[in-house]
Every structure is written in structure tokens, then in C-alpha cells.
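Please go over the structures that come below.
The same subunit A turns up in both complexes below, where it pairs with subunit B and then with subunit C.
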Partner chain A sequence: MNALASVVFVALVLLVATYLVAVIDATIMIRVSRGRGYTGVWMDPIARAARLMMQRGSRTERPDLQVWFLAPALLAGLGAVALASIPVAAAVHVADNGAGIVLFGAAMLQVMVAVFLHGWAANSVFPMLGAFRMAAAGMSMSIPFSLALITTALPAESLSVGAIIVSQEGLWNVVRQPLGLPVYLITALAFSFWGPMQLPDAADLAGGTTAEISGVALLVWRVARIGVLVALSAMGAAAFLGGYLGPVLPGWLWMMVKTAGLATVMVWSGHHFARMRIESVVFLGWTLLLPIALVDVFLSGALTL
Partner chain B sequence: MSGVIDLLFWAFGASAVVTGWLVFRTDSMVRAAYWLMASFVAVGGILVLLDAQFLGLILILMMAGEMTIMAIFMVMFMMNPAGLNPMTMVHQHRASIISGAGAFIVLALVALFANFLAEPVPTGAEPTVDLGVELLGGSMLVFETAGVALLAVMIGAVALVSQQGRFGDAEAGSLEPSLETEGP
Partner chain C sequence: MARARVFVGLKETLGRLARSGPIPVFAVTAADAINAVRDLGLRREVEIVATPRHASVLLVAGRFGEGPIAGLSQIHDQLPLPRLTVRWNGEVLAEIPQARLVAGDVVELVDRLLALDAEILAGALASESPLLPDVDAVEWRGVGPYGHGGSGMTGGTPFGRPLADRAPDRDGLELDQLPVSVGPWVGALPAGLELHVKLQGDLIQGVEVGPKVAVMAPVDAFVRALDVPTPVKLLEVERARHHLRWLADVLVVHGLSALGLWALRLAHDLSPSDRSEVERLLSAVRKSGVIKLVVGRIRGGVVSPGVVGTGPIGRAAGSGDDARLDDQSYQELQFQPVIGETGDTAARWNQRMAEVVQSLDLAARAEERTAFGSGCVEGPRGLIVSKQPPASASLLEVLPTLLTGLEWGDAVSVVWSLDLDAFATSVVLLPSGTET
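Up next, the complex of A and B:
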């Protein structure tokens, strides 16, 4: 794909998908409670964005300004890089050459850096506590996350996401590797800091890393966070649910349906489960998900042989 | 296309050097750690240009975790309150200058006089497959020995630092001490 077209393509897909996730979020929200000034499911994300764009930005005492401004942009860029590694239809991809799944993993690990720096740069207590939470959650979840993901490369005998999708022609990985998708989804919650694992930006820290920002900076941060969720859902669909494979409907539509399905599961979890404590997240990662992910690797490896 | 690749190479090379220099120019431990990560990310980019996608990307992946751990450990072990105050990142000037200059001279001599291979990667080569065969084939003993040794060091380090838990000795568990005072 031509370079400029690729950039425009990823940006457009991310923009549309981000909007759709915000609509899903609002749809669930309306069932939970109808807020004041509510303008309907499809208008609500735009109304919220407009409200944020009219807010003035806030400032703390001696922040690390460059890092503070760049962290939301870094998070948005990482969502785009991660999404670029995933084929949206047969042979339609931007950056899935040879080691696409490693590119995706690298982008997700850098998400931890973006969130950590975002919290650190504000030079304020609550954002910094949020930053340390992200480091703890990211560290604990990164190994099970990578293991669950890399296991899908075993039947494909390739690190390319396209090859992983093709290898699921007969049987989706969600059936072939039943331990993979649950581990992936739980760890994905930590990397998109969403739902029960929304710890760095949690309400109990008065917003955590977002406690000191407002206006456009907050808008970019929230949009970027949804972008990361979209990329994680798309990778879940590609690695475990057969990506664009499916009968009757065109491939890109299957990809969209599966991605939206996984995104809905993750957004739904945020409205129905209590937020975990950071200690529980660390404990869950090291003592439960890591052994399960190792069993997943060994079983799938043995089956592949 | 090769013009773009040349341009990218020089951009990555320049940012690797400049961000490496900035590690020592900043006054913040967290910034120093992440400037070092930026330098490694640029090196990872060069590796990707060299058609070693797996090595380049895994470098970027690993550095995210490693530099975060390094930043947090530096902050934890500093007397400086929470590592938040500005502080100089350089010390032992004389030894640093001598070893830095020495390393530069050695590397420059290698760059000038070593007989580098000038073979382009053959088309159709699969660097990731070759790497896997090398890691679990010819060099398996070396890598597995190094891997087990590193694991032993990590477990040893954890055992050494976890002598004291939050409520006393590490092996005492994590039960809170009683509110009743003991003894007279």
C-alpha cells in the first residue's frame, strides 16, 4: 500500500472505530442511567467532545510540559501503529510484514510508557500514583498478554497476523486454544486501562493521570484510549476469532463485527464489574494468568507438533 | 524506495545519537531512562531497516518494560524525595571521561578498519526463521545456559531484597501485627 494512503487509511479506520466504541459506551450508559444534558446515543460522543473542546486547559506547578503534551499524542499514535499491523480483509493491511504480531506487542508495551509518562509529567500527586499503577498493572500483565498472543503464532508457524488468520481457516483459535482468548481479554483490559482495570485514570484517584488535565488534552487522551481499545479488540478478533474469515458476508464486515463484539464485551465489563484494586491486578497477573498462559503455550505447542 | 530507506536510516541514526546524549543532559531520572529508551527505539528502527524485523521490534517491546522498571527502581532507591527533585545525571567525571573517550576510540577504530560484509540480504530470506533455527539449533546450549543463569540471578535478587516484608520478616507472611501491645 502506498505510504500516504496507508496513513490516511489507518487514521480513518481509527476515527470511525473510536466513534463507534463511544456510541457503544453511551448505549450501555443509557441503560445504566440517563445523565443530564443527554442528547441521544449517536449525538452524545460528539456533544461530549464539543464540551471538552470548549473547556480551557489547566496547568500545574512546574510540569514537564513537553512530555505532558506529547503523551496523549503518543498514546493515539500507538493505537494507530497497533491497528496498522492487523489485516482488515484478505491481504488488506498496512504494516503486517513478517512480524506483525511483534509490532502489535511492541506498541502495546509502549502504551504503558505513554500512560506512565502522562501521569509523571503533571508533577502532581494523583497523576503520579496513576502512573505507578499503570507500571504495576502493565508489568504484571505483559507476560501473560504476550504469551497468549504469541501462542496463536504456533499453528500458523509465522509471526505475521495475516498468516495467523489464514491458519484459522479450519478451526478458530478460540476453540483450538481455549485458554488464549480469556487471558488475552483480561490482560487487554489492563493495557487499555478499561473497565475493572481502569486503575491509572480511576475515579478513586480523582481521575489519576487525567486529574490535572482538561479541555482538548483530555479529549485527545480519551479518544486515544478508545483507539487502543479498538486496536486490542481488532487483534483479539484477528488472533482468536478468525479475523476476516466467515461465510456469506464480505471479509471486512466480518472483521468489523468481530472487533465490535470484543469491544462491546470489554466496554460492558466496565459497567458491570467493580474496579479491582491494584494489588489484586498484580496478584491475578503473576499467580493466575501467567501459569494459565504457560499451560496455553505448552498445550498449543504440543498440539502443533 | 532506497532513497526513503537512506533517509530513514540517517533519521534513526541521528536520533539514536542525540537521544543517547540527552540521557546525560537531563536533570530527571525518569527523563534519563526514557531518553535511553528513545535511543534504543531508534536502534530498533535501524534493525527493522536491516530486514531484521523481529529483532528490531522485540528490542522496542523489551525496552518499554525495562526502562519503566529502571525508572521506578531509580526513583525508589534515591534519597532525593520520591526522585522528583532535579538532580545531575553525571558523576565520577574523570573516570567517565576516560572510559567514554576510550570506548569511542575503540569503536571508531573498529568502524574504520573492520572488514564489514557488504552483502545485501538475499531476496526471499526469512530472518525470523533463521534466528529461530539458530536459537534452538546450533547455539541452543549457549542460549539456554545463559537463560537459566539469568533466571537464577533474578530469583536470587528477589530472595535477597525480600528479607523484610511489610509486617516483618518476609516469611512471617502478610498478617498485620496485633494492636495489643506485648509485654509490660
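Up next, the complex of A and C:
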């Protein structure tokens, strides 16, 4: 793909996927809250976006303006870069070079930086506390996340996401590496700050890093956050569920179904599991997920040899 | 010209689309309007938001005492443009005289909100101007080329804000200690509660409770039962409703807004026959891990029976005091209070959840029995005695002890678990004008 077509393609995929995840989120919300009879889920995300586009932005007292404006764009950009590294069908990809999984991992680890800057730049207490939380959660989850991801490259003997998908033709990694997907999904919740790991933008901080923003900045931040969730779901589908591989249906449809499935699981968790305490997240990352991820690496390495 | 037409067309299209979604509302709520605002949150046309930055409408609800409402002008100016203010069931606001007055129930308020929102989105109604000048509280400039540095930068008060002091943290290190004020109107805390906290990172090193907001006292079934014998069925359904509304609030704060909305829906139309549905909700709450894995892990926040001996908080700490034990109707129903042990945050959650089920059970068996009417009532927060402040008022005094040393998230969990009435000790007037 040429550069312009690539940008348009990724932006379109992100926007459509973001809209669909917002619809899934609203549907689960209504189902869990027993809001029977409501049929507006398809229109709801569009209406909310339109209202935010009509709102003016907010200013706090002496924010770091450049960083404050750039952080939502950075988060959206990271989601797009991460998505670009994942093939949506056989030989259909934007940036799955020989080390696509490294590119993806690098982009996701930078999410921590984007969220921290977003909270810090507002010059306000709740956003700042949200930034602290993201730093603590992100650093605790980085190593298990990276290990779970990189382990999928062992059977493929390649860092290319396409090669990792092809290596699953006989057996998906979710079966070959049963510890990998649970570790990946839990850590993915931390990097998308969703559900039980919705720490930086939490209700006990009145919205955390978003507590002082409104209008288009808030819209971009919300879209970018869902975009990161979509990218993480897509990589989960590619690295553990065989990506576009599957019978009868075309490859891109398999990829979409698997991505939607993982995104639904993560969104569903947000409505059923309480937000964790930051101390518990740090404990979980260092004392449980890290050893499990290491066992995953050693077992997979031994099996590959 | 053509560009202007496109812009107008785009704005009209966006306005039409925006009208099909909920109106984000930030509520500044007096004690007598808290439940009405909760019911407003059940309407699909409205979304109650936790910060004024996310709102299009500032709703000032209920009857406040005389004088300005703390922080109202600042909150007004934090709403993004276009914005408007609606005054619901209360007097004209001295700070915002242009606020639209609405009297009536939730249905009437929603109709008015929809009409006003449509006008402001269409540009037919002008957005409200700021109330305060956008200037620094105190003029200050350092000596550096970007206004930084200088003698006032270390130990001074640039822009009228005191810089962070240093103080030892829990590991013995000298770290910055940031003084911040939170409340009295922010979604993270109960309405009316203002805290002045000293933060080291997200660790609270000191707490002072701010001035209390003066409001008119709500008159509910329990207040009426002070003087008039009241049906047990009514009192127990109201008690269960109160606890379910509390549950809705705390679930939202802990990231479970869907379950919170379910609790609020149940509370709205509650009857004794809803027991099985309530038990399904409580089961979902327990499965969410919020009690065992979140509030159950908080070290601190324990309230002993010596602080508050009555109500769910006292009973969660092992106190057996309950005015219902002395009432003949409850004795006939063989009422025995649920009693906890530990008095911590998780115990208070378990206590209220158990009392919801118990109250619905009592209501189902109460038949035509009446109770109380002789000057004291067992209310949902504890003992209520005529012309005396409620026993739960003493909780505000122990907040600094309870919260110091906790991380912010844990402190918020503890505060909400106490079911505080931040207005309780304010100077209040009953509608008749008699002081309480």
C-alpha cells in the first residue's frame, strides 16, 4: 500500500471498529442495568460524538498546553501504529515488516507515556493522580505483557505478525501456549485502561486524566482509548487465535469476528468486575503475572526446541 | 459565503444528531433533592456526569440555606460553552440570576431540559457568559524568561497558591506534600462534602473537613415517623430503598455503573415482592469482587461502636443497638438485627446488603402494623431523635482519623461506605420554619 492509502485504510478501520465497540459497550451496559426496551444503541455513540464536537474546549490554570493537546493525538496515533502492524487478511497489512510484533509492543508500551502526559499536563490534582496510577499500572504490566506477546514468536521463529499467524495453521497458540492468552488479556486491560484496570480515568477521580477536558479533546481521547482496545484485541486474535485463519469464511471476516470476540470479552469485564485497587494491580503484575509469563516463555521455548 | 453556508449546515446537522443523545448534566444538589436527581439519572434523555467539564447543563437542585452556594460560580465557569443553568425546585440564585427556573417533578424537568437544549444547540439561545474574571488570584512572576524561578518560587506563594511543603512520608523520606481542596460538589465524593487534604503522591497525609453547606432539611418517612405511628411496611421498604440508592452510588464510584443503574432502577419501584430480583443484584455485586478484592483489602477505615453505636455502621462493628428492638410491632415480627463484627469498609457493605433483604422480608410480613411515633426512630443511617442531631453526624468528626494514611482511592471507598450525610449538622430549617 502507498502511504496515503495506508493512512486512510488504518483510520477507517479504527473509526469503524471504535464505533462498533462503542455499540457493544452500550448494549452490554443496557443488558446488565436491566434497561429494557431501549433501542438507541446504534445512534448513541454518534449523538455523543456530535455533542462533543459542538462543545468548546476547556482551560485550566496554567496547563502545559502543547502536551495537553498532543496527548490525545499521541494516544490515537499509537492505536493506529499498533493496528497497522497486524495483517487483516493473508498478505493484507500496512506495516507488518519483519518485526511487526516488536513495533506493536513498542507502540502499546508508549500508551503509558501518552496517558501520563495527558494527566500531568492539565495542572490539576485528579488528572495528576490518574497519571500516577497509569505509571504504576503500566510499569507493573509491561514485562508480563511483552513476554506473553513475544512468546508467540517462538513457534514461528519470526517477529513478523504474518509469520506468527501462519505458524498457527495446525494449532492455535491459545492451545499451544495456554498461559499466554490469559496473561495477555489481563495486561491488555491495563494498557487500554479498561474495566477492572480503568485506573487513570476512574470515577473516584471524577474522570481522572479526563476530568478537566471537554469538547473535541474529550472526543479524541475517548475514540483513541477505544482504538487502543481494538488494536489490543486484534493482536490477541492474531497472536493467539490464528488471526485470519479459518474455514469457509473469508480471512478478513475471521479476523473481524475474533477481534470482536476479544473486544467483547474485555468490554464485558468492565461491567461485571469492579475496578481494582492500584496496590492490587501492582501486586498482580509483579508477583503473579510475571512468574506465569516466565513459565510460558520457558515451556514454549522447550516445546519449540 | 459558500463556506459559511457549509459551516451553518454542518452545525445544524451536528445539533440534530446531538439532540438524539442524552444531555450531560452536572448537578449541585441540596439534601432534599438528592433522590430526585438520582431518579433523573434513570431517564435516558439525561446523563449525570461527575465533572462540570463534561456537562452541557448545570442543574442546581433543591433548597439551600441563605447566602451563596459554596463554589457555584467556579463550577458554572468550568462548564464548556455552550452551557446553561437550570434551577430546579428552589429560589432564584444570587450568583446566576439568568438560571432558568423549573418547578415540578422529573418529567417536567426533563421536558424543559430537552426544550432548552434544543434551543441552545440550534443557536436560538445564547450560551451563558462567565461569572468570574479570568485572571490570576494574585499577580506573580518569577525572574526567568518564562516567568519561572525567583525567590518566591521556593517557599513563596506564586499566583496566591502556597507551594507544596515537605514532610516525611511513610518510608521516612522527605517528599513534597501538596495541599488541595476537593468538593463540595464533585462526583468523587458525596454531595456537600468538602475535604482539604495534604497529598504525597496519592497518599493522604492530612485531612480537614471543610465548612458544611447549609440546606433545608428533607422530610422523609422516617422524620414523619418521629411524631406519627407509621406502617412498618412503608418504613422497611423506604429503608431498603435508601440502602439500594447508597449501593447504586458506591457501585458507580467503584467502576460498576451498569450494576449501579440496576440498583437505582430497583430502588425506584421497590416493593416487598422484588426480593428475588434484589438478591440477584446482590449476587452480581458479590461476584464482581468489589467486596472481597477491593474494599476488603483496605487497611484502615474501621469505625468502632464507640464512635457510632447505632445504624448499619454500628451494627457492622458488632453493636446490637437498634430502636426497632423496643417497638412492639417489630417484636411481634420477631425482629433481630443483623450484626457484623469487624466494623471495616467491607463489613459496612455486607451489613447494608443484608439489611436490604431483611427489610424486604419484614415489609412482606408486616401486614397493617405500625411503629414508632414517640419521638425516636431507627432511620436508615441510625437512631433519629426529635430535636437532636442524628448520631451519624459524628462521623464527619472522625473522618480525618479514618482517612489519614490511606491512598486516595481507598479513602474515597471509605468515605462512600459511611453513607455520610454531609449536610446533617448544618443549620437547617423544616418547611414550617421551626429550627432543628
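What we mean here is this: the second predicted complex is superposed on the first by the 298 of 305 C-alpha atoms of A that agree within 3 Å, B and C clash if a C-alpha of one lies under 4 Å from a C-alpha of the other, contacts with A are read in each partner's own complex, and residues count from 1 in each chain.
Here, a residue touches a chain if its C-beta (ideal position, glycine included) is under 8 Å from a C-beta of that chain, and two chains touch if they have at least 3 such contacts.
Everything numeric in this text was worked out from a predicted model, so none of it was measured.
Subunit A has more of its residues touched by C than by the other of subunit B and subunit C. Shared-chain residue A:L109: touches subunit B; no touch with subunit C. When both complexes are overlaid on chain A, the residue A:F132 reaches subunit B and subunit C alike. Contacts of A:D64 after superposition: subunit B is touched, whereas subunit C is not reached.
When both complexes are overlaid on chain A, the residue A:G98 reaches subunit B alone and has no touch with subunit C. When both complexes are overlaid on chain A, the residue A:T27 reaches neither subunit B nor subunit C. Touching of subunit A by both subunit B and subunit C, each in its own complex, is seen for residues 132. On the side of subunit A, the complex with subunit C involves touching residues 28-29, 32-35, 38, 40, 43-44, 46-51, 53-58, 61-62, 125-126, 129, 132-133, 195-196, 198, 202-207, 210-215, 218, 270-280. Contacts from subunit B toward subunit A in the complex involve residues 28, 30-31, 34, 37, 53-54, 57-58, 60-61, 64-65, 67-69, 71-72, 82, 84, 126-128.
Chain contact summary for the complex, subunit C toward subunit A: residues 11, 13-15, 17-22, 24, 44, 50-51, 53-54, 56, 78, 80-82, 121, 136, 159, 178, 180, 182, 186-188, 199, 201-202, 252-262, 265, 284, 287-290, 293-294, 297-298, 407-410, 412-413.
Within the complex formed with subunit B, the subunit A residues making contact are 64, 67, 97-99, 102-103, 105-106, 109-110, 112-113, 116-117, 120, 123, 128, 132, 135, 138-139, 142, 146, 159.
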